[in-house]
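To keep things simple, chains are lettered A, B, C and D as they appear, and every chain counts its residues starting from 1.
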Amino acid sequence: MELLKTLSLLVVIAPLVGAAGAGLFCRQVSKQFAHRLTIALMGFSLILSLYVACLVIGQDQSYEGVLYLWGQSGKLTLNVGFLIDNLTACMMVTVTFVSFLVHIYSIGYMAEDGGYQRFFSYISLFTFFMLMLVTANNFLQLFFGWEGVGLASYLLIGFWFNRESANQGSFKAFLVNRVGDFGFVVGIAGVLGYFGSLDYIPVFAAIPGVAEANTLIPGTSWSVISFIGFFLFVGAMAKSAQMPLHVWLPESMEGPTPISALIHAATMVTAGVFMVARLSPLYQYTPSMQSFILIIGATGALFTGLIAIVQNDIKRVVAYSTLSQLGYMMAAAGVSAYAASIFHLMTHAAFKALLFLGAGSVILAMHHDQDLRHMGGLRKQMPITYFTFLIGTLALCAIPPFSGFFSKDAIIEAVHSSQIGGASYAYVCVVLGSFVTAFYSFRALFLAFHGEGRMSHEAKHHVKESPWVVWLPLVLLAIPSVIQGYMMVGPMLFSEPSYLGNSITVLTQNNVLMRMGEEFRGGFHMILESFGNFPLWFAILGAFSAWIAYVKKPELPPLCVKRFKWLYTILIHKYGFDDFNDWFFVRGGQRTAKLMYQGDARIIDDFFVNGAGRLITWCSATARRLQTGYIYHYAFVMLLGLMALLVWLMFR
Amino acid sequence: MIEKLIFYVFAALLIGSATMVIVSRQSVRAAFFLIVAFCASAVLWMLLSAEFLALLLIFVYVGAVMTLFMFVVMMLNLDQESLQEKFVRYLPFAVLLVALMVGVLVYAMKPGHLGELGLAISPHPSADYSNTKALGLLLYTHYVYAFELAAVILLIAIVAAIGLTHREKSRNKRQRIDAQLAATKADRLQILQLEAEK
Amino acid sequence: MVTLTDYLIVGAILFGLSLAGMIINRKNLIIVLMSVELMLLAVNMNFIAFSSFLQDPRGQIFVFFILAVAAAETAIGLAILIILFRHRQSINVTDLDTLKG
Amino acid sequence: MNFTPPDFFPAILEMLTLGMTCLVMLVYLFLDQKNRGITYFLTQITLLGTAVVAISLHGSPEVITFDGSFILNSQAILLKIFILLSVSFVLMYSRTYIRENDILHGEFYLLVLFSVLGMEVLVSAYSFLTLYLGLEIFSLPLYALIALKGNKPVCQEAAIKYFIMGAIASGFLLYGISLIYGACQSFNIHEIISMMSLSIHTEPLLLTLGLVFMSAGALFKLGIAPFHMWVPDVYEGSPNAMTLLIATAPKLAGFALLTHILVEALPVLFPQWQYLLIAVALLSMAVGNIIAIVQDNIKRMLAYSSIANMGYMLLGLIAGTPRGYGAALFYMIIYVVMSLGAFGVITMLSRKGFELEKVDDFKGLNTRNPWLAFMMLLILFSMAGVPPSAGFFAKVGVLEALVKVNIVWLPAVALVFAIIGAYYYLRVVKVMYFDEPLEKTPVILESFDTQLAISINGLAVFFLGLFPTTLIELCQQAFLA
């Protein structure tokens, strides 16, 4: 066990050392030194975390213990400690792997930036906080990591602080996250109040008893667990950008692209999902919260996907797709398929980082122009980027045998077979979501890489494949995007014991994965089976519609148009819903998406986010006028206050 | 009976002169009514057989503090015109709130709410009782700490008042370089737009 | 007989008048300072009344100290008033509104 | 009449302060203008020397002397230590300011020492008489100090406002004392407690009235809504060094005032003052946090922030348990440390003829003096309650105390206000780090001790967040005895 403790400590500390080395001496050290130091330490961290994973998953070891006593007051002890189990090991590998590749990629991407050393320091610091978050053995340390990644993300989004939009974006991210954080604090306070401890193990052990003893309304399942679970989930909603609190994520795309890949796709935003999985013993005892999580997740999965359709900024398309995928993960967590959720988290980390870095590569080639309408035909100039981006897209759209297929199909199936409240609604959402996903992903792919180049003539000649430091991570990420799913689906989801071992708790009546596992006969069989199910066809249909709408239809010569009109007509008449498809999903979808986007912008942004701000500012400006500066008014207010208290207390 | 009469006469005088203090427009008049109020309350304190304090109020308060007030009023030589204003506009509001407060206080001080004290008659100490001696005995023994603190307070008043009103000699013609350097255009030059005479 | 309540009511009315003085007086800062004196007088009235009816001289000791403090307070208040006047040539309460919001 | 002379030893701190004050006065009077640095050093020696004596007294058993009007216990000693240390820091920060702005330095140091004496008396008061005298001894010099500087035109306005409001507040306090005296037949805290336990001799209505009036006076000193109106005006109008002074140590004294009244003298009335405090705490948090948002003047903004912070502090008292009182004391100490740093930076950045007042004056501080900006960042993060800063622990402490007694809605509301509150602190951070400086010249702190002081102060905020245990325990112990 000591070995595991030492290894984990090294994994966590290495990025911090890198961050300190590159950050504190950013004026003194050279660029080479900064990236060599941080990358070496990240590599070290990655290798060790792989070793930890081998020990934990392969040899079934685990570690739970206190490293350092932070504070003690009364019976309450505040510790820094590690809980290294299967779930943690999975997350550690994911985080260090993506972070390592992002470090390498940043050498090329940030090469010309003035804040080079600072940048490396920040991403290492971020990795440190993320590792603190996943290795925590208590709520407080979880919160520490939680706040830390928020801080790092704030610093990184605002990295180009001379850009006004970057400042706005970072500020918005920080504010929305504060809302979540305070929910989180209330949750933690609740845990402390009812359990008297902040360590996972004693809290989890006490949950069934507390749930029974503290029912809020007798005869219902509404216990304080629901209350605590709700507030903690509010924290998760902000960090994982779930539906009403998702507004910050698209804005955060103002940061440098490697950051979008690392923070806003692969790791930080999944912290909420990780938390829900980590706290599975808690959420298992509150069916109402499970339904809530499911509905929030499923709604996000569909509706944010729709928004992606009308985006023209390549990074924003990917950002909205992240929102949608996070919705899937949350939905899976809602139906207690935590393993599927974490599985999707891991596959998603790889292919979404791939997509982001691919988008970054395109942006680099386009000289920081991110508009899809200015791109096109990049396939020929940038074959490696194109190919890897294609793999990422296929994985995202859950086309077998790419990794996304296995995880997403498992989620959809899990939602399908769940019986908790809202499951049928969620099922509709996630199935339709797979169509939408395919549509917008392929739309981006086609617009960027296919067709004629729409950039200026001059720019066209400058477009060339990115340097090796940029494409190497793409290739390295493409490999897991292809094989990870097939290799891991069995051991991750259905085998006994699975990769996650007993680090998550699922009550028998909620265990959808176990029921699915009875019918599971291996990855290949799963692929075959999928051809008989909706989701895959929806995905293919989505890709196809995108192809028609963005490649074929506008550019085809009249003959082809005629031929395809014929095919098109046949398709309409044969299946009957192609018409509907085109009208409802392509056009209607676009219209809905536009509406949703505007609604999103107007209602949520303007009304809730800015509106709340404006309301407070207005209150503030009005209230300050009470402070007139006149002594007699002040005396009057004092007297008024005194009288109010006097009368109230006397005649209460 | 005579005690009751004295009480009512001087209580009325006290309240009347206090009212005059707050509604006077001139500082001198207000100060004069304040003196009357102090004297009237000194009589009431006598009734309560607090002779020492009653005398202290006259000697120290009327003799020293009010003199200080008068001195300041005279020294400032205020422009009386500018200080006169009708306050009737604000009266109802303030009166309402103050009346409410007094009402609440009076309600709380009904004899029924005072317990045994509410029914007690004002005590008349025996003829050889010396109020001054009783106070003196307490003051210099049990309250020696507080007494020293009171001395500190008076010291503070001296230091503060001198520090505040102390003026540096302005006859000094020494050059003040920092002030000259810190001067801006706005300090020295004022541009006025003058209407042309028609 | 004059009861304790009578004295307390006189005190309460004085207290109310002094507060009213601070609120309705909008021109003359000196009168505001005089209202402060009235307020302390009201408090003293209460203390002496209680002290007398409780036959406990300690209440009068308290008054003794209030008188001492009030004298010091007045001295400092008037000193501030004087330098205020020196700088502004006015002790108008309504003029004191530079600091607000 | 039998009388035994009281034990004077427990008042050693007060006697030491007073004696040294008289020495400073004599030295100042007979000193040449050129050697005026000596007054500063003598004052510092007084403060630090007294603090050392206070530290050595810590742990000694509780003593009550002077016929029950003076108490020396661990709570009083703890508060005195922090009062003395914080005033010592205040003087370190404002030394250059005092010299450059031609403030009468002798009077300044004298009045500060008097005020410190008053705070010590107040902290150790065990009867309402000494409580009142202490209050006046510490307040009167402050009124005068604000008006001491002639160059700033608004400072007299601030002083007279503070003075008149303060006089009304002490009027309330006295009126309350007179009613309690009538009801309990004593103004000695010890006797009041024993009277209360008999309960037949006390009159509920008079007690309620007395409670409200006395609380109003105490709440005024802490600047809690609706008795807060003076706070922003006085903070803004005072010269920066005086703002620094009134924003720090007097808060600790005010805390002592409030706890002496509510927790020590009138614990029987807890059900009543709990409601009272809930009302004013909510109002303070609302008023403070909301109005702070639109302020452009940093001193005014911090003034509203102090109103809000006092509201949070009250939450600990509302819990009504020793744990809650300890948490409130911890909150108070942490707040004073933070506020010392924030106003300290403001004072240090002010130069002759330039008072730092606007939030915009902080623009680009990071490029002008990164270390100072970093210290300010730590302090602001702590004020916003970002973990693992000290401010975070302070907030958690009071909220936890409330949750422990099953009041959950109040922490929830407090957190909503804290979210709003975070905004204006972060605005300053943004201005410091992301905006272009108005003037490019680097800020150089002249004296080494000032640099050291602000570094200690900023890092204290950080390290009290990492190792809060000792201080939390000291605060808890202060109320457990």
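Note that in this section a residue touches a chain if its C-beta (ideal position, glycine included) is under 8 Å from a C-beta of that chain, and two chains touch if they have at least 3 such contacts.
These numbers come from a predicted model, not from an experiment.
For chain pairs B-D and C-D, the one joined by more C-beta pairs in contact is C-D. Each chain gets one centre point, the mean of its Cα atoms, and the points for chain B and chain D are 28 Å apart. Once the centre of each chain is set as its mean CA position, chain C and chain D turn out to be 26 Å apart. Chain A and chain B have Cα centroids lying 69 Å from one another. The distance from the centre of chain A to the centre of chain D, with each centre set as the mean of the Cα atoms, comes to 45 Å.
Looking at chain D, one finds that residues 129, 133, 136, 140, 143-144, 147, 160-161, 164, 168, 182, 205, 208-209, 232-233, 295 touch two or more other chains. Each of the following residues of chain A touches two or more other chains: 624, 627, 629, 631-632, 635-636, 639-640, 642, 646, 650. Chain contacts: chain C has residues 8, 15, 18-19, 22-26, 32-33, 50, 54, 58, 61, 65, 69, 72-73, 76, 79-81, 83, 96, 98-101 touching two or more partner chains. Interchain contacts join each chain to each other chain, per the touch definition above. Contact residues of chain C toward chain A in the complex are 19, 22-26, 32, 93-94, 96-101. The part of chain B that touches chain D in the complex is made up of residues 104-105, 108-109, 113-115, 117, 137, 141-146, 149-150, 152-153, 155-157, 159-164, 166, 178, 182. Looking at the complex, you find that chain C touches chain B at residues 1-10, 12-21, 23-28, 30-31, 33-35, 37-38, 41, 44-45, 48-55, 57-58, 60-61, 63-65, 67-76, 78-83, 85, 90-92. Interface residues of chain A, counted against chain C in their complex, comprise 624-625, 627-632, 635-636, 639.
Only residues 70-74, 76, 143-144, 147, 151, 158, 161, 167, 171, 174-175, 178-179, 182, 185-186, 189-190, 192-193, 616-617, 619-621, 623-624, 627, 629, 631, 633-635, 637-638, 640-642, 644-646, 648-650, 652 of chain A touch chain D when the two sit together in their complex.
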